[in-house]
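In the two complexes that follow, chain A is the common piece, with chain B as its partner first and chain C second.
Right, the complex of A and B next:
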């Protein structure tokens, strides 16, 4: 993975993005990395939006704010319009295609994946955050899948642990299929 | 309250301090304030310590890091030794006297309150974080008690909502008794 790496989850309130940020932070901490995890609540939060950011580094973290996310996932049309365009060339922008249907212009690499639909298919929309975590981690290679599972199990209510673990796996599979189809596209062009 | 105000919760892993930070942030957000809420996980976190910080402002927050907490609560001996001494004169340092028994030298104003014991008396040590929230909010007047209750109910599992609400009230009462005894001391000296 890139080191340090900056990660942003953005979307609507109620999608569990703060929890996703905390779980990623705790997984990285389990691996001995330094982590800063931030939620910013501003005027836009009062309109129902939500944003969680994580910086992970094997060294000291000098500036505790995400300045340019290396990987981000946008889980609402508003979040996609706000955050996807402002992104460094080569950075990774994951759009939850269940929620974001608009054309989005960005200089990042875009992956459109049906994150919320995958959670619904698992039986509960609330694990869309865990699907998103699985996607982001598989695409950016931040922590081991095992660390992510440990952090999820430690943080979510016990009765949801298994469902969340499955959601991580489904997210990782979605990411792999996206990477493969991107590879196939590149090969055929 | 001071505006902006910087708040720090420090202690051990498992005391729910991250949740306390998030609840305070969400309560302030309900009142239309801007908020940055941060967890920092460094080498000390791997030794089982935990720290959550919140900055609340009615204006823009220029620098997203707590530089000098106006009010802090230390819920472990290690946290007290690390964070209580480094504090601005006049700032408020709450020590959980159930956990912190050492002499602590600080230039802040100190309140020693049996936070964890109050949670045990309520029937469950896990609500020590809500007692701490009630204490800090009553001493620093950050948000209304009603906003704090709303934020707690929205964040904790439903079956613990009532217990957490009682813990906030007990915390506020502890704070009031501390303020009264401090007043009595000053009057008698």
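Right, the complex of A and C next:
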């Protein structure tokens, strides 16, 4: 894993992106690393744009915001248009294909995955943030899956803990299947 | 490393208040300070302490002043629009020498402005917002652990100097989460209020002891100019009291100065920053050093009384001071005054509601280099 690593979640208010950022930060903290989690959102309680950022480092973190994300997830068309193009070559860009349907030009490595649909299939759209976390962590290997589970259980209401835990696993499986199909495509071309 | 906790700035502020013995909170919720109030709404009653949601910010500051005179250690937290409403009460707290802590999580202003966007636009207001010469201490914080420490310091200084202490945070540090060492009880000193030996002969003003109502002392508390017993005075007696009140802060500037220094020893360019802006400034120092430019950072934690000596000492040694602020030029005026022509002073401001980046600050410094070369 890159150290320090910069992670950005972007989308709309109400998608739980800030919670996703908090959980990732907490998981990394549990593994003994320094973390800063910041956020930007508008005055609206729901919708409007929302962004959560996490920096994870074995050293001290001075500037608390992301300057160039190594990993990012975009969960709305606006967020994808705004953030996906501006990224370092080779960085990871995950697009939630349930929400983002347009073509996005970016120098990053793109993974299009039906994150929100996976949450709906699990029975509750609100765990799309946990699915996204599972995806990102499986693709980028930021923390162990166990740390992520521990952090989720600590942060979400108890009655939703199990659902969130399943969402993390579904996200990880989604990422693995995507990686495998990408591998298969590469082999056949 | 001790077990860490992931904590938000506002959460650190609320828990630090409990740590410092705060037992009375009155407030009116406002973004981006609301978490302070939300947490204390849960934690204060649980500990048998008093929490009141007031009808507005004027009532909030009035309530904490009254509670302080009832013997409580008091806090209110707000943001720009609420802080403007509190100015009258702040003056009353100053002239009645009431120990109290006011947290202002600065947001983009004036007026309603942008509630969820950070700024450093209330600096001069925190120092001069209420009318008349008056004593006040203004502190800032640039990290979550720093918020904890400075909140406890704010309570200590309010008690020690019998003044309102304003802790200036901002939306960014208020909402940011970082892993911190959670202070153990006793780890940070908590100043105990000085009590008079004999309440019967206690004079409420002019000394540094404080005694609440209902404990045997007889006195008067008023916003009028007053003497040691609290009764109205005029002419040279009013002048004497005002000078004493302002002097108890002004004359203790060295004791009250809190600064951090970073790579300053051989610096030819000094960044002078405070609050959240110290963070990109520190990264900017590293960026400039990577380019062979000897940069350093003086980070101010005390904004008032203004740390003149600390700034002068730097101004004497460097060619340029760069002042990054999330405003159009506020504390830079004090810094220019302190530097008194000993070095160049340039301002790098940002007012779009976002934090200055290290690159923006470094570029500001580099432009100055280019001008000189």
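The criterion applied here is as follows: the second predicted complex is superposed on the first by the 183 of 189 C-alpha atoms of A that agree within 3 Å, B and C clash if a C-alpha of one lies under 4 Å from a C-alpha of the other, contacts with A are read in each partner's own complex, and residues count from 1 in each chain.
Following the convention adopted for this analysis, a contact is a pair of C-beta atoms (placed from the backbone, for glycine too) under 8 Å apart; a residue touches a chain by one contact, two chains touch by 3 or more.
In this text the structure is predicted, and so the values were computed from the model without any measurement.
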Does chain B (first) or chain C (second) touch A:42, or do both, or does neither? both
In the superposed arrangement, which partner chain does A:65 touch: chain B (first), chain C (second), both, or neither? both
So in the superposed three-chain picture, is A:34 touching just chain B, just chain C, both, or none of them (first/second/both/neither)? both
A:157 contacts which: chain B (first), chain C (second), both, neither? first
Shared contact residues on chain A - chain B and chain C: 22, 25-26, 29, 32, 34-43, 64-65
Applying the document's contact rule, which stretches of chain A touch chain C when the two form their complex? 22, 25-26, 29, 32, 34-43, 61-65, 67
Once bound in the complex, which stretches of chain B touch chain A? 18, 22, 25-26, 28-29, 32, 34-43, 45-46, 64-65, 157
Which stretch or stretches of chain C touch chain A in the complex? 1, 4, 6, 31, 114-116, 172, 175-179, 276, 279-280, 282-283, 286, 354-355, 357-359
